[in-house]
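There's a structure below that I have some questions on.
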């Protein structure tokens, strides 16, 4: 019944069951949507997506995050025991070596329709906070509220990825300031996010503030390539603060043995025995 | 019948019956939608919304004003004897420490649809008057007229919040000039507002001009945290001038005993016996 | 039949019968839509709209021009022998003491739908000619052609108000140049206006050029408050040149005896015996 | 059948049969849509449109080009033996004595719907090439492709009027450069024009290049008032180069004897015996 | 069935069967859509499109790329044994001798509808990467995602043409930098292109990187007119790197014997025996 079905969290929960591990209720999501943004330096290690997907599926994370054009590589595989699809639905131009003249973040047409037809478990969309980039902030907010309506109708969960950036050397750089992250994560929650993918705070001990502000499950972004020790330690720290999982990219894909890295992460996140 | 049902004030009146106290026909609305705007300094005292709603429901105002993402905290509670939901439907970027390059006030997609499904008693939307911010003024007017049409079809009351601001130290500051407030409130009324949430005038004795310009019920905004004496005195003053109630936020939420403050306000507004 | 009904002047004529006096086929329209524009100095004498409408209905003009928010004051009155409603449907920001950074003229959403439900006899919309304000000119033209289509479907007459302005001291001022008025009135006619509300030309003897350019009935705007003698003499002058009536605001509303002024105007316009 | 009916040239041909003379398959179209553009100096000789249409219908061209607001003057006349209606559907602001700050060319809402209801034989829309006016160029292209779709559905022919202009003394002036005209006419053809109304080239002997580029019938614009000898000689020259007719305005309307001028043109274009 | 039919590559494959040669599964596409862009210097050799199409059809490539206005020249020809139609659906303004003030790439209204009714085998749309032209990049991405949805519904393949440009002498010039081409081709693939038409890289030996990034079939652009030896050698080189065919224009059309050139290309691409 429509009336009963409305609470989108109930409705979306059916698909979220595919995203979160059955026992731990946590999620390891590997993002390989970097090619979507058109940046030459983002392609290292993911030039050949057919091979990437093959490797990742064998490694066995809970989910893989892909764009519209690459999603069939995952979804064409037979059987149900494979990673869930998280569909990245917006493409932004803020990752270049120079700030863009006109920053944008464009959601693909009929994004929720594509997500449904591709049997995705969730969609992922950005919410940028870049000083002075008001038109971009507005566009992201519009993107999210439009997705929210369409997603409610389909029972499709919406993962919002708040991204706090500052002008760095050349282009923009991620900012780990806790106050800014908390405020932006909170805005994502007020806009109705079902899941929030947030950066780690510089002060990892303050991550509980992010979790409180979000109220919905928080997955932590990985960022640039670091050592195995560092990434596993950071993962443990944010889980202790209440995070419900991770969304890592380069730290898995560029790892010499992605399967081993995923196994190590499963041990930390799900408590699997290697 | 459609013909008969048209006068939206008749139609919307069914929901307004939930907003205004049955005997006093006045309203105490507590706004905790501050997190919607993404400003770090707006979160003091409302970091943990689950606890905030619990506290407020116990305190018993007539209504609580929330965004889309937080409204389920109130509406998931069982029973009919709880505060009505006022759904804040637009998110603006004018509250920062610097004026934005491009000011916006964006109404969430399908706002009235969300309000209906969330069983709100009213929606709330801004009408900003900021010198030089013509594009923002226009956007607010567009927002209101679009909401008006959708709201008429659903019998959903529209509360307009005219906000007169000026360039202050850093960002914008609220302006208590009576002439400006009266003219903006009047524009809100001409646009078809069902309820108007207006700032107190610097000269409280002139508040009757605001009430006359509005013609529809006026609820008075609270603004920054002041002493109990000041807020109660101001409340009495505007009620004497014809205001139909109040919309307070920080003066309730940041109060050491929100329940006591609401009881004090009920005594003033509704004439309840403590 | 659709085919036959198409000539909108035939179709709209049913409602225009309510606008124009049965014998004289002329119209006295009193505009009290000034509050729509949000200008403090426009409210003199119309602060209390309930009283204004009461006074005006007693005075008995052929029509009263109101915005969406105030129209119920007139239309809720019982009986058919009262002034017809002309619904002002656009709100502009060009009347301030300084020219706006971005001039706009926004038509309320579903304007013709509101007009039909409010049982209006006509809608009224601006066509501004302000040197350099090309985006505003374009918006007005878009407004008119969009209203034209919707109005055709409903048989609702569209009154276009061409307004020739120039940069004055502070904001914009009305310009009485005959060539500019004629060209703008002509554009309104080519866009399909059913009625045109035009400024008086500085040279009243040239007003016949305006009437010829319009081809459809022309009602003359009043402008600022002048003496009784001047307004009545001007009224006679434009009627002799072929105008079909007047749209006056301040000269009626701010008059010490609006009823007497309307009676005087009826004598001039309709030939009524005082 | 839809399938068969698709080739719009077959479908539109039924209406084009009304535009082109039955024997000569050529067309004399008299344009009196100048008042649409709001320019005072464009009104000379066409101040009184009722009289203009009366004169022109008596003179008997194959078609008269009018805007939405004036078309009823022609179409309300009884009988089938009168000029066909060509409906001008866009209004531009590029003809002033100064270049506009923001050039526009706006197509009236539901243009093809109006054309069908007004029983037009064709619509006419501009394609401007003005150096630096990229936004205008884009708007014209959008206008044409939107009209194309709607026109295909109605079997309504679309006449495109490519207009090559340059910055002149004061405003823009028409440019007779053959290369620019050919390239712009070609773009109109590629966009799917059914008929093209093109300026004469400065080198009339090169007009065949325009005709080849167009592939569809080309009607030649008249431009400013010249002597009878010049206009008739130019008409002969372009017909020899393959043009299928003319669209003249001022050279007919401002002529002391429009009937005689049309008869002279009929002799040249259709080979009628005076 | 909808579910099964969704994989657009399966669905679109029916039409792609007409684009790719039955045995070689490669494609020779001759583009003569240059007139669409309104540039005088682009018309050399294609002034008379009726003759061009006649010549090309006799020469027998696998496909011919045309705009909406010229496509009937090909599709009106009887019989099934003729080149397939690739419909160019967007018109850009970036090819002039000066960079445009506001670059645009506009997709014709209802492009997929036109493609279906014209019985096209594929549509072709640009994706421009021009430094600083962020609004153009965004528009292209919007174009592609909107086409993607409509094309999925119709089973119409979408060929994306990524075009890497830089400011050159006068206007923009194509850039053969492999890294930029790979990143842009990859973005096209992530956006869901069915076929990609890409420039040759300056280093032809690196073309395999383009093919890997694309994953879908890559057709190579020709560019300016070069000697027969050069074009044939280049064709062989890119085919060896995995390209699935070519899209040539001037090197076929401006050739003294287009039929001989197409035969020579067929020998190289399809292995036909002269």
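Brief remarks on what is shown
We just call them A, B, C, D and E in the order they show up, numbering each chain from 1.
In this text, a contact is a pair of C-beta atoms (placed from the backbone, for glycine too) under 8 Å apart; a residue touches a chain by one contact, two chains touch by 3 or more.
Fair warning: this is a prediction, and the values are worked out from it, not measured in the lab.
With steps allowed only between chains in touch, the distance from chain B over to chain C comes to 1.
Comparing the contact residues of chain A and chain B by number shows a mostly separate set, under half of all numbers used being common to the two copies.
With centres taken as mean Cα positions, chain D sits 35 Å from chain C. Chain geometry summary: the mean Cα position of chain A and that of chain D are 56 Å apart.
Shared interface positions of chain C, defined as residues touching 2 or more other chains, are absent. Taken as a graph of touching chains, this assembly is arranged as a ring, one closed cycle with exactly two partners per chain.
Beginning the circuit at chain A and passing next to chain B, one meets the chains round the ring in the sequence A, B, C, D, E. Within the complex formed with chain C, the residues of chain B that make contact are 6-7, 9, 129, 132, 134-135, 137-138, 141-142, 145-146, 148-149, 179-180, 182-184, 186-193, 209, 212-213, 215.
Interface residues of chain B, counted against chain A in their complex, comprise 33, 35-40, 42-43, 47-50, 67-70, 72, 76, 91, 93, 100-104, 106, 108-110, 113-114, 117.
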